[in-house]
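Reading through the structure tokens given below for one structure.
Note that the chains take the letters A, B, C and D in the order they are written out, and that residue 1 is the start of every chain.
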Amino acid sequence: MSNFRYKVGPIAKCVFQTQSPRSNLWCTLMQYRFYPRPTSFPDYFQNPIFRKEDQAKLIESNELTKLAALPVKPPAAYETSSVYHDPLVSKLINHVMKMGNKKLARNLVEKAFENIKRIQIERYHLATTPEEKAKVVLNPKDILHKAVENSKPLLQLLPIKRGGITYQVPGPITEKRSLFLAIKWLLEATNDKERTIHFPEQFAWELLDAANNTGKVVKRKQDIHRQCEANRAYAHYRWQ
Amino acid sequence: MLSRNLRFLSRRYSQGVTFRTTETSPSQQNENQIGLFYTVNNDVCKQLFGHGGLPKSYMKQTKTFTETSLMVRLPALDIINCIKATDFDKPVIRYMLYGEIGAGKSLTLAHLLHYAYEDGYLIVHVPWVSEWLRRVPRHKEMSNSPTHEGLVDLPLDGAAWLLHFKMQNQVLLKKGNLKISKEYVWSKREQTPEGAPLAELIEHGITRVKYACDVIDALISEIKILSNSKQCKTFVAIDGFNTFFYPLTRLSTPTKKKVTPEEVTLTKSFMELTKNDWVNGVIILTADQLGVSQDHQESHLPKYLLYKKGFEHIDPFVPVEVGRYSEREFMSCASYYRDRLWLRGPRETEGELKLASACNPYKFMELCAPL
Amino acid sequence: MFLCYNKMSFAIKLTLKQALPIASRSSIILQNVYNYSSKATSQDNFYNNFTDWETLSKKKKVSKAMRAYLERAKEHDEFMKKQQFEYNIGKRHLANMMGEDPETFTQKDVDRAVEYLFPSGIYDRAARPLMKPPEEVFPARKAAEFDEAGWPHHFLFYTGKPNFFKLLYDITENIQDLYKYGDKVIRKKEVTDEKLLLNITGSVWLTKDQLEQLLVETVTDLEYDNFKLAMDRLVSLPHSHIYKDFIEKFRKPLATQRFALEIPKPSYDENGNAFVTTYECLRKKARGDVTIKSPGTGKITINGQDLTYFEDTQSREQVIFPLIFTGMQDKVDIVCNIEGGGPSGQSGAIRWGIAWGLRSFVDKDMLEAMQLAGLLTRDHRRRERKKPGQPGARKKPTWKRR
Amino acid sequence: MYLIFCHKSVILNKLIKMSLFIRNYKPGVAYNAQILWRFNSTTAETVKQGEDEEEFRVLDILHKKGKLQKRVNRRADIQPDRSEKMPTDQNWGNVWPGPRSFHPSSVPLPIRQGYVPKGQAPPGKKANAELMKIPNFLHLTPPVVKSQCEALKKFCTSWPKLLNSEEAIEKNYPMEIISSDYCHASPTIRNPLARIVTLRVKLSNLKLDSRARDKFLRLVGDKYDEKTDLVTLTADRCPVRKQNMDYVNYLLTACYHESWTVEDWETDKCLEDMEYYDFDLNPSKKNLVNWYLMSNNEDNNLNDEQVKNFDVSKIPNGVEYKSAVSELFNEGESDLALNKYDTSVRKLLGLPEKKIAN
């Protein structure tokens, strides 16, 4: 019997240890869909690799033949191999979407991009020297990426109850959650607007601000960081 | 090595696609310039389209592109060709522009207006008929017409249009050789004497908004007389003409009675103008799906949009289709957008956009917007 | 008297002599039982062994549980024999009815005949009439897990799921062995042959149902996950090929996607142009057919209209997705008829149809790329039904204390 | 070895047992004794069996058990199923001669049906309502069908020789009557669907003139298919096929004769009905004439009658224009019709031809 107990231990260990290490590239993270519950596709179905660049990468690393044997999930209705397809943008659209009205959500986000583009092109024309012109980022998607990158928090505050008192304890944040918070804050900042201003305009301004490392969202992020810094003393509650 | 070659090739390619023409006078343009863009002089643009005439989205583009460029397209050239070959002693010929939503009917009309302006026509241009009949802002001025029993006046819209007319024809009006043929008595004190210049009549309409619609009525009959007597050539352009024939407008009288288009005095005047009982002029109309309500947008063809009544009103007319971009036009447009920084990214995506937009000009512009 | 005594002592001697071997023999029998129940039982095995037990039971003092079990087992055995007999007779009858030779009448023929005689359109195939051999109809049962005295054979009997936990135990033991082996290899600085390495692509772990069938025990979801994790751990070790047989026992080969790579030849119309028609393009509630004509200019016709049939950009992008992916947008013409569903479903169905039809016109590398991009996989997901007692498919009413 | 021991006498056994017990006795070791029990012969076992029963006897003063046992009345022996006695080479057609709902005792198949939870077997054929609900074709097994066809063969006549092609059939028998017979699973021979009768005839075979044809088409409505030129009349309102047949014939006859009669109100058709666009009656003609007169600077105060009688062919290219307008209205608007209209108008107005993109 004791022998048995000795042997069961490692099982439990391997049960709880085999979590695949998450990649830090959140961009690739978003292309893969993780489902908490079993979906209608069995779990041996792989996520599709539908972008040409990704496939080229696989061919280079000789993993293509290995993957080709396994069945693959079909790409979702919003995924294409188009050059302009961007997982972050589709994620953003999903965040903007209300009541499943994706058409409207996509429209709004694209309008916002259009506004950014118009503003940036105007700046480009206003710039006098070629160096200044080169500095102006014209691609709205680049601005979105920059904005999200700038507004992603590195730390978060967790309420932990110790001795009847809830402490705000600073702790590290997962990649996924920090991305979620960044997009959420951007949208919250946008929705906090006058009634007469439309969403795309306000959102364009917010994105430009955040990409410039200024604005409400970046300030909010810095606030959180500052608070974490202030509550540094409670950090030990995380494991005590 | 390869990449350098590629870059070299692509640069050559981009240079290979010319998208601009220096020929800015529409009357001089020919088939060789099809699909190329020409820039309209800013002053002319302001004069012609200062009070409307270009679609809103296009106005936005002109601001972003810092210029007003129009593409030379086949329908416009076709009509210009026809106008050049017209015998002006015969009754006026009516052209009907039709096409899908976003195909470029209004811009073709703008192109033709530019031609008319250059050629010294008296321009009677209605930017968008729906503006009068189907757009109901919070305070839409409406009054019963004092002169026509049972009809409705739209004085503010009328005055706005008179202003537009004055703006477009300021050169001709300043010359002052267009005179009124008879005396108009507006009220006991106000009248316009016979032989007064046309500008006076218009000025009266603008200052005394109450009489704007009557002034338009008078103005149109005067224009007809002037054209008949060969004192001026007249160019009539009405965008969204089919709105006049849709059974209902969105207007309603204070007693909540729905107004039909015939009950509006403006309709009556422009109906008179679009008859072919006068000479020395050109009439260009457009039939637009957006000019009528959603339940009557199944087809973009003119007979469907005009109903039988409208068809018979302007029969015989020359139908001119404004189609989607051809291959050449599309590539030229894409190059233009690239030049104006509106479109970026690798070259091969143009094929993608071409498929996705189905070569519809407006859709193409829309698809490029967020890229 | 003496004689009598003598006799008696002889008898006692004899008994003593015999007693020991017999005792050991009985322990051998015990060993048998042990083996027998520790592994999963198949039906035949069970009956063969069973007869022994019947005779034995008469001669031994047996525990109550054992007796009950034996009674049950006997009953079951007889029942199964009867069923088998009936099935065989019935099969001959059926062959006679259908006018065929009873000797060559296979199970396939039986199924066909039953479908002919009792045509039933019931949606669920499991609810239709059937005539199957009894082994398939009646679920397998576990053999005795304890001896006649009531002692369990299995050292994990009291876990309730001895077979399952024995399996976990075995996995762990194998893992430990592999660790040791690995250490040894490192010490000896040997190099393992590449060919020997375990290649498990193309097969998956047994599903929960299959595992349950194999173990003759019910397994919870959590336990199944544990099983998989432990197995994955075993497989991930560098020398796992040593336990290849053990691992293969719990893997099932995948129904490969090769059928997707099996390409139909295009047909030719009167002008000699190749075309391929894919019928039954399904997605959500939409269904339709897609025809691809080979020398083409990229013209897309959907229900008589062009791509403007779809007003939203997303649907248009979906339709042109396979064309762009394969770079065939200027080389083929596409004609589709589609009905039912909304724009998303329709465009998805067309996407699949185009990709499926394009297989005939692209080369092998591209085909593999399409497969990897998931374009050749049918999206069979449907709307989940609403459940009674809750507002949606999964949504529950708002929780209230009272 | 074991067997030998079984033949030992009872007494010996008892003795051995006793001695063994004594010899091997150690406190707390009961196991040895237990193993030794197995040496007992069967007879010894039977003797002991009463003692093995650990059941506790309950005091039964009122003899309740006995009473209860009496009450259990045994069911009479059930006769074994007919199906169990069947030989496997019987003639099945004799066992199950006609349609009948499923009967378990007559069908010698261990058939099962029913939806059951996982791990259970579906219910068997006896007392299974599911099996009775579904149709069966036990009366139409392949050998039976074959034998019945053989039996029917002698009543059949040969196919007429002259009717050797589809055309010949259509020419001699232009009217087609379709009805269906059903071989049915249920005991009744009458399928309700068998009453439906469909009549099909080509409209061209009816020999109607244009007015009558028009009226006939209005009468039959959507029962006429333009593509195939077929009129299809279906009747299913009467309970018997014969009646439906008569009704279909009546329908066709009535429609035919009715289409030939001319009612008074049929002359009242006017322009607004827009049945057919007649160019001469429409304002388009007036427009054309007015335009023509105006462009030639002639007096254009014609009244309606004059306009109507104006000869279009006097106008250059007028005829072509007329046909283009008529087509536009009669055949609906399409790109083709519009193009035709376009070219004709350009000719009429003397404009250059339409430019075509090169």
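Side notes on the structure shown:
Just so we're on the same page, contacts are C-beta pairs under 8 Å (C-beta built on N, C-alpha and C of every residue); 3 or more make two chains touch, one makes a residue touch a chain.
Going by UniProt, the chains are A = Small ribosomal subunit protein uS7m; B = Small ribosomal subunit protein mS29; C = Small ribosomal subunit protein uS9m; D = Small ribosomal subunit protein mS35.
For clarity, every value in this text was computed on a predicted model and none was experimentally measured.
Fewest steps needed to get from subunit A to subunit D, stepping only to touching chains, is 2.
The greatest centre-to-centre gap from subunit A, using C-alpha centroids, is found for D. For the pairs B-D and B-C, the count of C-beta pairs in contact is higher at B-D.
Once the centre of each chain is set as its mean CA position, subunit B and subunit D turn out to be 60 Å apart. Once the centre of each chain is set as its mean CA position, subunit B and subunit C turn out to be 70 Å apart.
The mean-CA centres of subunit A and subunit C are about 38 angstrom from one another, to the nearest whole unit. Each chain gets a centre from the mean of its Cα atoms; for subunit A and subunit B, those two points are 47 Å apart. In subunit C, 313, 317, 324 are the positions where the chain touches two or more neighbouring chains simultaneously.
Shown for subunit B are the residues that touch two or more other chains, namely 352.
Chain contacts: subunit A has residues 82 touching two or more partner chains.
Contact annotation for chain pairs lists A-B, A-C, B-C, B-D, C-D, with touch applied as defined. Here subunit B touches subunit C in the complex through residues 100, 351-352, 355-356, 358, 360, 367, going by the rule given at the top. Contacts from subunit C toward subunit D in the complex involve residues 8, 11-12, 15, 18-19, 21-23, 26, 58-61, 64, 83, 86-87, 89-90, 92-94, 96-99, 102, 114, 116-120, 122, 124, 126-132, 137-139, 149.
Remark: subunit A residues 1, 4, 7-8, 10-11, 14-15, 18, 39-40, 42, 44-45, 48-50, 52, 55, 58, 64, 66-75, 77-78, 80-82, 102-103, 106 touch subunit C in the complex. Every residue of subunit C that touches subunit B in the complex is listed here, in rising order: 298, 300, 306-308, 313, 316-317, 320, 323-324, 329-330.
Per the touch definition, subunit C reaches subunit A in the complex via residues 155-156, 168-169, 171-173, 175-176, 201-202, 204, 225-226, 229-230, 232-233, 236, 254, 256-257, 312-314, 317-318, 321, 324-325, 344, 347-348, 352, 368-369, 371-375, 377-381.
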